[in-house]
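In order of appearance the chains are A, B, C and D, and numbering begins at 1 in each one.
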Amino acid sequence: MLQLFTIRRVKKATHQTVRLLIMVAITFFGLLFITFLIGRVVPIDPVLAVVGDKASPEVYQQARLAMGLDLPVWRQFFIYMGSVLHGDLGTSVLTAKPVLQDILRVFPATLELAVIATCIGIFVGIPLGVFSAVKRGSFLDHITRVIGLLGYSLPIFWLGLLALIVFYAKLDLLPGPGRIDVFYEDIVDPVTGIMLIDCIIAREWDIFWNALAHIIMPATLLGYYSMAYLSRMTRSFMIEQLRQEYILTARVKGVAEWRVIWGHALGNCAIPLITVVALSFGTLLEGSVLTETVFAWPGLGLYLTKSLLNADMNSVLGSTIVVGTIFLGVNLFSDFLYKVLDPRAR
Amino acid sequence: MLQVDNLHVIFGHGLDLNHAVKNVSFTVGQGESFGLVGESGSGKSTVLNCIAGLINTWQGEIEIDGERLSHRRPKSFYRKVQMVFQDPYGSLHPRHTVDRTLKESVNIHHLGDANLRVVKVLGEVGLGPQFRFRYPHQLSGGQRQRVAIARALILEPEILLLDEPTSALDVSIQAEILNLLQDISKKRNLTSILVSHDLAVVSHMCDNILVMSQGATVEALSCDQLRSGDIKQRYTRQLLVASKGYDRAAIDQFQDY
Amino acid sequence: MSSTRRWQHWLLSDSPASPFQAAAGRTYLGLAEFLKNRLAVFGLLIIAALILIAFFAPYIAPCDPLVTNLVNRLQPLSAAHYFGTDEVGRDIFSRIVWGSRLTLYVIGLVAIIAAPVGIIIGTVSGYFGGLIDTILMRITDIFLAFPKLILALAFVAALGPGIENAVIAIAITSWPPYARIARGETITIRNGDFIKAIRLQGAGPIRIITGHIMPLCISSLIVRITLDMAGIILTAAGLGFLGLGAQPPSPEWGAMTSTGRAYIIDHWWLITMPGTAIFVVSLAFNLLGDGLREVLDPKSDN
Amino acid sequence: MNDSGHLLDVKDLTVSFPSPRGEVCAVKNVSFSLGHEKIGIVGESGSGKSVTGRAILRLLPPYAHIHATAITFQEKDLLSFSEQEMRRIRGRQISMVMQDPKYSLNPVRTVGEQIREAYTIHRKVPRRQARQQTLEMLTAVRIRNPEQVYRLYPHEVSGGMGQRIMIAMMLIPEPSLLIADEPTSALDVTVQLQVLAILDDLVTQRGMGLIFISHDLELVASFCDRIIIMYGGRIMEVVDAANLHQSTHPYTRGLLNCLPRIDGDKGKLSTLQRDASWLDADFSATAGGK
């Protein structure tokens, strides 16, 4: 009977994993389809973009055939999909380099910001949410509420500009825009692309401190939004869990209050929180577009904005696909963790 | 009046396959009150849902007045068969007044005289006019169940399906609702099927009884057989002993089914 | 005094005599509950003020928002120019007043486009289940697979910058969460006994979805949409800030902040004023949304 | 029955909750005492029976107002105890089993872990020994394959098994009083009786006191030694289970008469006529036990 149970568990888990992978594959397919559609409705003639507007009709026609634009739409889509799956996202008009190469160069800067911000969110936001759920209506709860409200209402680019005025222009406490001071540029070998880690590898401590000073403002800013989101979600999950009857059971057993809260209740919140953290990571990628513009941070967001303003469609769609794929990957990972952590989902 | 033959219900497929009802057959005569008894998972409510047309995955035959029912029911079917559900808190739309709930049925079937019908049926279930425009949250459990009965009666059905109509109520309210159901059945000459886990309720209300366990029929009994203890199956006997209260010695004789 | 008492008594009656009285009593109780939440009322007042300002913009704004006056450029706050003037001498106060029209235009259009699409797709998908559900939810998931702003950016890139295109882009990215919520609610409601009961009265799917399921989904959607309005304002402003939303010289708040960037060191009011406007309106929607949640969605708190 | 004196004495317990329309009294002037016996508290919904049980363990939400002249447990005055001292009482001295194991077990921890936790809170023992103890306790509640059940999660066990697990968890620290709040209402009749038999055996073996809270008068009458009947937050009467059917209190009689019976006639059931004066009468003076 119980052996049967274990076999069922395993079978069910395999079944679910296969299902999940199929779902992700379909979603990825749709993602490519949408970017393909977007690429086709663009008012810019892709042929002209390649040959220039002074080309003769013969050259134009030749380029058109070479790009496969005379083929039926569905054939074009499959050609497009094939090349994307081979990592070919086209060539950037702006930098004249393959888009994928460009993205790999700028992405670590964004990742650096997003990871630090997520850490702030997890290590400050979640405890804040727990405390305010436990002591509802207390001073701390009100603070959490204000933090949340501001986080949901303040335009991130505006807050960034205000921070620059105060901490850079007026108080001169922190360095201004950019990832590092100009005279330090190109000294450190980009091994990982993540400046702080590269500095440690190269043992360039001056540059490390300079880079750290530069990252404080944008990372804190993004981290604030992540914290606002996570503390609010944690608070409502905790309130929900603390109402459950198993909490009463734990108290009946004589479990100490801190263990009831941080062990039993938060243990049950951890499962939905994983999804929320994954979501907030996606929101950070999006917030980085504005933050990077404000702080001239040479990451994916700034790259995307520059490409947009220069109508560099290959780069725009390439970045969109990359961000979408990362988002999908993070969600897949959170689904996977969910399955591992929640015995009911196995 | 109502005949069920070789009814099978299967939910899900693959690993989650669940054979919820296995080969159940019974007949209910005109004006008869029929009881389906069993513990949870016995499939008794599933049988009722099949008759009502709420489940589409059944196989077998269901006949009313000699007419075979298909999976899709015509509108006229609902004028003949109505149902009362277990949970009085879940069976009324939380944003609709009593009046709206009752009138909607009249409107669906274009019966006309909606106001008159509503007042009349409310009186019949023992609710005064002051209840007519209340929302469900302004009613007690027993009053809600009365509204649910009124909703079933307003279409003047011939067959009433009762799915544990009193198991969510206190015993004193249960008595009132059971009395009401008895009165109405007699007055309107209704044929009814009562699903319950409570042998006492079923024996009080019904003429004939079908005992079910894990989707299958255990045995069919008349009410008098039940009272006199003329029972053939061990399972039924065990159920009868259990329903008489706590008896330490008897419990050791219990078997798992 | 006695007449207000009588009204109250009529409204709170345990046995209303007409459907109208019953509905009025309900509304009264909901309103009373809402009015107790001071912050939510404050939010509502700000939104009401925004609507009035947008409506009466020509009478409130002292100057034309588009007329430049290079002599008067970069003036600080004064009685003549409450919020100062910008880099080409336009009155910032007047520009913010006229800009409220653009803000309302964006959130109004997005809500009109995205909300019905979300509700219909969600309820239909949830009620019927099966293949319909799978197909509709796959499509929803594909849209959810992009972070909102990124997808909006891609659409704007394709359609070209401009406020109409920004609205379309935001609307396209806004409906999937609504569909998700409506579907979730529908599935819970669909399994309720009262839906089985109405099916047994002989009601068809259209009557059940529109008359029984949608009214129950709508309250949580109203809460969500109100809270989303704040996000939509921020996204629209963000697009304007990046130069991809409303184009200069139109007085869109995000675009105003963007042009003010070049002057932040010495002329702080150029970015502070439009930024504050964005913040206040967005905060108002957040406060209203929180207040509505407490009234319409009682399970979430207490 | 009252062999070694009183285990628990409750005097004039009153519990009220604030509401928009002023304080609502859920329990009023309730007094009773309990020895090493099985006592039942019976009432309809809203009678205050569950609130009474939780008030003893001080497990009501912080906004509830609890007043009493005395709550004495084994000669200790629980009213004067701090929250920390109460925690040493809970589980170790007084335990509680709740209605539905589906909700009262932590869904993300294994059954074994949860029972073991109940043991190790009150006793500093090595992990192995705690595990051994847990397995023995699972055997004591007649679970045939304790090793396997130890590793299961709450959603993988049936209702009856879940409730046995709850009993194991609540009895493993060897308390002297168990409060069972509708412990079998979510179960089928036969399973219900099997669970009660386990509870009965363990309580008798260990010489514990049991407060059995239920809405089912007949069940309580057959299971308990004495019955407290509550209505509207007040005690209506306290009777010996054997004498229940001789009771003359109109409320008790009303409850008994409105039950349908298998061997009863098919006529109308008598209904309960509620009397406002029941709420004025002060039975608590006579309810203090024998």
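What we mean here is this: a residue touches a chain if its C-beta (ideal position, glycine included) is under 8 Å from a C-beta of that chain, and two chains touch if they have at least 3 such contacts.
Fair warning: this is a prediction, and the values are worked out from it, not measured in the lab.
Visitor: Could you let me know which interface, A-C or A-B, is made of more C-beta pairs in contact?
Guide: Between the chain pairs A-B and A-C, A-C carries more contacts.
Visitor: Quick one: subunit A and subunit B, Cα centre-to-centre, how many Å?
Guide: Chain centroid spacing, subunit A to subunit B, equals 54 Å.
Visitor: Taking each chain's centre as the mean position of its Cα atoms, how many Å separate subunit A from subunit D?
Guide: 52
Visitor: Where the CA atoms of subunit A average out and where those of subunit C average out, how many Å apart are those spots?
Guide: It comes to 25 Å between the two C-alpha centres.
Visitor: Touching at least two other chains at once: which residues of subunit B meet that condition?
Guide: Residue numbers touching two or more other chains: none in subunit B.
Visitor: Which positions in subunit A are in touch with at least two other chains?
Guide: none
Visitor: Which positions in subunit D touch two or more other chains at once?
Guide: Where subunit D is concerned, no single residue meets two or more other chains.
Visitor: Let me know each pair of chains that touch one another.
Guide: The list of touching pairs comes to A-B, A-C, A-D, B-C, B-D.
Visitor: Which of the residues in subunit D come into contact with subunit B in the complex?
Guide: By the definition above, subunit D touches subunit B via 44-45, 188-194, 196-197, 200, 215, 217-219, 221-223, 254-255, 258-264, 266, 268-272.
Visitor: If you look only at subunit B, which of its residues touch subunit A in the complex?
Guide: The touching residues are 14-15.
Visitor: Which subunit D residues qualify as touching subunit A in the complex?
Guide: Checking each residue of subunit D against subunit A gives 57, 59, 83, 87-92, 95-96, 98, 100, 103-110, 117-118, 121-122, 145, 148, 153, 155-156, 166, 169-170, 173.
Visitor: Spell out the part of subunit B that touches subunit D in their complex, as residue ranges.
Guide: Result: residues 39-40, 170-172, 174-176, 178-179, 182, 197, 199-201, 203-205, 226-227, 238-240, 242-248, 251-252, 254 of subunit B touch subunit D.
Visitor: For subunit A, which residues count as touching subunit B in their complex?
Guide: Residues in contact with subunit B: 8, 11-12, 15.
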